[in-house]
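Below you'll find the structures, each written out as structure tokens.
The two complexes that follow have subunit A in common; it is paired with subunit B in the first and with subunit C in the second.
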Partner chain A sequence: MGNHFFDKATMPAGQDRVDGRAKVTGTARFAAEHPVPELTYGVLVCSTITKGHIKSLDTKAAEKAAGVLAVLSHLNSPKVPGFDPPKPANKDEKPRAWDGLKVFYSDKIYFNGQPIAVVVADTYERALYAATLVKAEYIKEPHQTDFNANIKQAASPKGGGDDYTRGEANAWKKAPVTLEAEYIVPFEVHNPMELHAIIAVWEAEDKITVYDKTQGPKDTQQSIMQAFNLPEKNVQVVTEYVGGAFGSALRTWPHEIAAMLAAKKVNKPVKLVLGRDNMFTLVGYRPYTIQKIGLGATEDGKLTGITHTAISQTSSYEEFTEGAVGVSKFLYACPNVNTSYKLIPLDIGTPTWMRGPGEATGCFALESALDELSYKLNIDPVELRLRNYAETDPQRNLPWSSKYLKECYQMGAEKIGWFQRNRNPRSMQEDGMLVGYGMSTGVFGAFRWNATAKGIFHADGTLTVQSAVSDMGPGTSTSMVNIASEAFGLPHDKIKFELGSSSLPPGPTQGGSGTTSTLGSAVHEVCVELTNQLKQLALSAGNSPFKNAKPEGLAVENGNVLLVADRNIKMSYVDILKQHNKPELEFMKESNAGEEQKKYSMYSYSVHFTKLHVHPSTGVITIKKVVTAGDAGKIVSEKTARSQMIGGVTGGIGMALTEEGIIDHRYGRYVNNNLADYHVPVNADVPEIEALFVNRPDPYLNPMGAKGMGEIALIGYAASVANAVYHATGKRIRDLPITLDKIIS
Partner chain B sequence: MNTQKPRQASENGSDGFNASRRDFLKLSSAVAAASITPSVVTKAADKKVDERIADYFEKMTLNIEVNGTAQQLQVEPRVTLLDLLREQLHLTGTKKGCDHGQCGACTVHADGKRINSCLSLAIMNEGKKITTIEGLAKGEELHPVQQAFIKHDGFQCGYCTPGQIMSAVSCIREGHANSAGEIREFMSGNICRCGAYPNIVDAIMDVKKGGQDV
Partner chain C sequence: MIPFEYIRPSGQKAALDAIAKDASAQFIAGGTNLVDLMKKGVVSPQKLIDIGKLPLKEIKEANTGLHIGALALNSDVAENEIVKTKYSLLSQALYAGASAQLRNMATVGGNIMQRTRCTYFYDTTMPCNKRKPGSGCGALKGYNRMHAIFGASENCIAVHPSDMCVALTALNATILVSNNKGERKIPFGEFHRLPGDHPETDNTLQKGELITAIIIPENNLQHSCYLKIRDRASYAFALVSVAAALEIADGKTKDVRLAMGGVAHKPWRLTDAEKFLKGKPATENNFQQAAQIAIKGAKGYGNNNFKIKLASAAITEALNKAAGKA
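On to the complex of A and B.
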């Protein structure tokens, strides 16, 4: 292991974030903060019923209120061509249907909090006040928001369920040792700190610029093109900084279209910022999911059967699915596996991917169940996982591109003192508290998609790299500068990464832990090609010091092309450009994944260890220490990587202990739609977290050897807490969050 | 923010509470405001020029010092300090995360003390000295806490960061940065959803131990 491992004490500090200064001085510009002349303000009016129709909408008072420019609703909204796409000329081609809610399209109400109007005024306060004057009358219909009351409605998704069988279905039932249990993950809400916001500016009748919160500037551009039937060149999406998102900004939501419609109507720029309550209803959430796991094993702990079924929910108007049961197909070597996934449509907005998405839900169940089985077998939970370690992918029958999960178990266990604990439940005490240790595994696909990057080397010796990507916090700019620095042979401070505009070369949407792999590959390839061009130019320069040398005999370092055979013989990039009278050197390239993804199964892994205290009489849980070990391939940015792992664990602490969106089913409305009642972890909830990395490159995924990290940081974590709570108390909590009432009941 | 309506308008939308400024001006012109050229005001209202006049009557003078610059502003009483900073003074470093005093993203210093600017009406700050994140550095030279946040990576997305830093400065000034545990408690009014808390604690400890003047 030796040199491959580093931890907080010994690892190099790593590069500071390239945008750190902008963020600590308040100059980083988020969506709602762009100065736009003649700005007006839009405030949404949202439905107070959950299902039915708008009978009447009285907007007179609002329209008369001071400063109000317009009140827009289904009664007077400009048309959105993309909502009713014309039939394609070619009969074989299907019209591209609009995904999701069509805002201000009809009088129909699909969920509580659905936008029914937007009030536009010249100041925020005037719009906010006037919005209270809009009066709606409804024709109510009975609604269904209660998951458990509707469980009989569960059906396979139209787009295909996750029905899968390997070997024999339900083989676990025949095993000598069996476990069957049900696990619940409730509604969880992304709640990034930045409220979703947009400024919509129609530059002309058919030309728009939006300053928008989005994880994918190109995706948002495509949605706007589709909605308003506009060519690509007429739609610009600017998203310089994104204040967190965790999945909530992966698609275009109704409020974005509402702002664009409002701006069209008043013929002025409109800023629309959601309220925190809207963040629960309008920008997705992690769907409520009940899972059942059946595990069968031999007496010596070899798994003989896994059955993993899930019932989740979607909205009444749109189907959303995620891979909750996928992890059970490949995480452990087991000959007999079957899964299924069903959905219940409810009268709530459509869910969306939330950090870790389905895998976080699935790993909570699977990794809790493994822990339960370990006690039945009287085998240490780490040992049980090692006995069922999958050396190759049992689902696809392919080798792993790289897998250092064993190393993660070892590193984490050592660091937290796993094997020094007393394994028996409720056996350990410290300072009058029950002590619990728990562990769990996380896994997520390591992806690489297509991306284009452009590199421009300037005569002043600086390099600009560009791509239309956004950075919601992981440190994409910093990682890309690191990759460029390595590949181009130039110090970090001479490299600038430009992102956040759809007019840049097409970059990937930031999601699925794939940005570094996808975009990093493009940046790497562009930089390598630029160095190749510089080498050629160096050889052909009038004053070339490389007489009779070949490109293969040259290397790059610190802004110079140099001779490998004698590194003192060199020529600076700046000089090379000067000799050729070139003001700059530019190269753009689309980078695509190769055939490797078909030959290998590619995953990132994490192992989380938690030590916690439980108060013996009140059940209050205090997380004392966390060690999280990741196999995310080669780490390209040490400092931001560590922060990402710590951040994922923090999200996991919320998932484990506090987060639950609660709907009052009588009204179909959230009762805790604010940050005082929906509890995300605060500073006092989070202890020291040690993030360890195996830091070995994946040889096949991309040229950097980097795998993804954003998801594995959170996936599985909640199970390590549930398992630690069981170890501390002897009580198994299977429905999240683990609140103290469940412990003392 | 509009799922709950504080008041419903009556049918014709012209009861006392919800009356438009136009109605208000017509009414007031006939009664108390007789001394201020009522006929002109009424005529203006009819011609829909009333809003500018309403502005004049309904705004209050606010004397406030923001980041060392004394300002005299005309502000509606309902404008929060946060919205004044962001929307009118274009100091967008101070963030809106909840508008309910629940997240701390809007933390600024008022006469040297940390407050949630979303819970403070602008006019409540008459005569006060407000410091926002934009006013913390001395020119190009970052404040030690800003520097420490960069060094310890006390953020990811950066949205809660201005509030965290303003709170962190106060946390040290208040004498509440004597241990990691104490810092965690006294920094718990500032939510960071990216989960940079351990790094924020490290950054504050670093400054505190360094003994720099904050």
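On to the complex of A and C.
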């Protein structure tokens, strides 16, 4: 692939993950692995009812058990000031309310699995045992966890719905060709391999350090400051390595506050690691969502109306919303679009963003519906999308900052042999299997927020770049090293990127596919400024080889400032520092998005193609090949970008075929809360995945021209499978996951 | 996990004496199921007798057939050359089970003794007659996608999760057990029980007895297939599985063995279907008819209704594959 961002000798295209060795050799330190003296262990006791009150809590046996230091509950927990913020002196100012469950705050039970106590002991095993000795009695109230039984409760979110009309509402109904269908996305649980974990260490009465699994060290710091009413300098969050999260570590959850309370109570560091079962109840999930899509088109396949409505759910104590219907507003050129989004509060924990978030839910519906419409129109699904290609943003009436979606369709279609297929359903066979080809589009906003980075060039010729960000797996460290290498003109092995601590310059929370764009901009700007300073220093050095040169006449490459007119005339960075007797050169800068955000609509795109086999009598689905083509702007780290696409598609395979959190509504409890029964795809489910990149820069978003990629890798993917299953079998499955019973029934 | 005592006797006699003395003790070998059950609080033995050091790992041919020690690892059996060539069905079934890591720990005896994976059995806050007799069956009117379609009772609709046991049932294996007074043989098909009124009792092993070996008689079943249908390609329990083995002479079925997994409280032998096929031409049509006979009497409980149709399709497919027709 030509046109690579790093086509200079300093940066080989196959640049390895800078933390790869640490991860595979086990030296990388994850939250629960930090050695802390006098460590004690906390184990949660969780509610076994779904709604009601704790009548009594017998903790005596647990307290007497060997090694137990304390049992904390709403009866004896230290207060959390942030749960009851004082009224501000200024009447117009609103007190900052606590978001989410207030752990150990009252006897009230909001969901099954809610923490009701934490047992702290000198060893993990003793805490685990003592936790079984805590006996709770409850006053039960009838609970509601069944989405379908409560559908009449659906209402617009208090914080505002996603009600939108362009042109005429429900115009699809008047079209010559129409389609209306309902699609279901079930509960899905993030289930990163690393369990959520925290070690809480109170350094003083009002000073705390936590080693925590979080996607945002600064966000977690803010939450802790709010909870315990502490100044920023007294809260330190360390999150050096994160073993996957997919959104589950985007906010501060009850177990984190519980660990901090426990540590306060026993006056010792407390480590708290969730069990896999807690991962289903305490750290969010993708909400159950039912969507209806109405599509209207002319006979020649021009969309005349799109109606997209969604009903999703939240918890009884907190409102969570996501952009499920947003994609229908701008993905296709259509004069008439209306959307609505409603919520049902249920007695379950609050959902949260899960990779792709609402757009993944929305694109499953929209992209399945487009496929259904293509058969009604007898137009190839790729062709149908091209006939409705939005050349400008129909929602905001703005030009795109960049859009190479057409190229994605073309690259992907060619690679998988799309146009060689027989388009009729159930028409293709291979090795006794039904063969299906399916495709779909994914889209997600290309964002840029604020970030601060610091660069320090040392006398030994190495560069350290810092920012308080976490890397949950996409390869942020690698990308930042690559960007710094490009901007600063230094080989990557002389650059170190430091992250994972709230005490570093403030970086963004890793989410919404915005890290590379946001933080990369700051790193880029800092590095460019450092090179400018080096150029100035080179010109003013006593032995400067650049007589009468101007800064504009200088360039940087491989650790040297050199003369553009004669690249053999150069001065090394190390020498420049030495000449000026400087031990190091340091620069820190906050980087912000500018006016370009108002002038352009900015999105990343993906197109997924899937080839699969369906066994004609048992319904077993085997994905044979995946080609995913992405328009994510310039690719700044080819290898980790490819890995991220493969990972996203793998998550998409889970969404399409296997993943579903199942609750027995009689009890309000999950019945598959482990990795044996909640099926994420294993290697044997995942075929060759080819990730293709258009790899052309976005001219407006940021200095690198890089757009986000994490979400588009997954968004839309499930529809390509559903569409391929239809092509293979003639059977349209509209509720995920597509398990074989739905095929053969 | 509750505190427990742990001993590791050096010989078989010491192990059998230890269990005879202590009603609350349990044997542990690979521990791939028992440790999970203990962590979940499903079982709470006060003493574990680790039999890992007993000399029961040998896989050897004897005049009675293949003798496999109870402590032979699932992976060792699966990889064994004799097993792969003469008892391929067993090797196939073992490879279909669990994951490489689990097969490296799990023993043959432990595989036979593993408990159901019914979610209501595992969650101690839920009703389960198997775990707590009289508390009810959570699965009967609950989430029962994985559950039995044959031989269940109102008290329990759980299934036995093993793949290996399905193959051993089909191969007419015998289980050798000992206690401190002597030893006895149990035909494989008589080892596991149906739930009836006592789902808490999985099998006919008596207190104080230890599985020491299994014996598989020689056979001429040169065509075999273990077909496992599951929700993902590996590391998932069977929705249904079929062990099919055929001896074909002159295009006719001379001998046939059929058993299913994931459908009953025990490995489910399909004797009527076997009778039908015996002596008949090994054709797809006959296989389909056999499958129809096999699913007679099957009963679904809601989420698992699809298993009846799936079972029929899987039986036909497994027979086709065994006979080389698929």
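Here, the second predicted complex is superposed on the first by the 732 of 745 C-alpha atoms of A that agree within 3 Å, B and C clash if a C-alpha of one lies under 4 Å from a C-alpha of the other, contacts with A are read in each partner's own complex, and residues count from 1 in each chain.
The rule is simple: a contact is a pair of C-beta atoms (placed from the backbone, for glycine too) under 8 Å apart; a residue touches a chain by one contact, two chains touch by 3 or more.
Bear in mind that the values here come from a model prediction, so they are computed numbers and not experimental data.
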Touching partner for A:Thr239 - first (subunit B), second (subunit C), both, neither: neither
Partner chain in contact with A:Glu125 - subunit B first, subunit C second, else both or neither: both
Touched partner set for A:Gly113, first subunit B, second subunit C, both or neither: first
Which of subunit B and subunit C A:Thr622 touches, first, second, both or neither: second
Partner chain(s) touched by A:Ser374 [first = subunit B, second = subunit C, both, neither]: neither
Contacts of A:Ala684 with subunit B and subunit C, given as first, second, both or neither: both
Partner, of subunit C and subunit B, that touches more residues belonging to subunit A: B
Which superposed partner A:Gly67 touches (first subunit B, second subunit C, both, neither): first
First, second, both or neither for A:Ala676, with subunit B first and subunit C second: both
Which of subunit B and subunit C A:Asp664 touches, first, second, both or neither: second
Common interface positions of subunit A, toward subunit B and toward subunit C: 48, 125, 128-129, 132, 669, 676, 681-684
Touching residues (chain side subunit A, partner subunit C) in the complex: 48, 125, 128-129, 132, 432, 615, 617-620, 622, 657-658, 662, 664, 666-667, 669, 671-672, 676-677, 679, 681-685, 739-741, 744-745
Contact footprint of subunit A on subunit B as seen in their complex: 1-3, 5-9, 11-14, 18, 20-22, 50-51, 54, 76, 78-79, 83, 86-87, 90-100, 102-103, 105, 132-134, 136-137, 142, 146-147, 149-151, 153, 155-162, 165, 180, 183-185, 187-201
In the complex with subunit B, residue positions of subunit A that touch it: 16-17, 19-30, 32-33, 35, 43-46, 48, 58, 60-62, 64-67, 112-113, 123-125, 128-129, 131-133, 135, 191-195, 241-244, 246, 273-278, 281, 472-475, 639-640, 642-644, 646-651, 669, 673-676, 680-684, 686-689
Subunit C - residues contacting subunit A, complex: 1-3, 41, 117, 119-120, 123, 125-126, 138, 141-143, 145, 229, 231-237, 239, 306, 309-310, 313-314, 316-317, 326
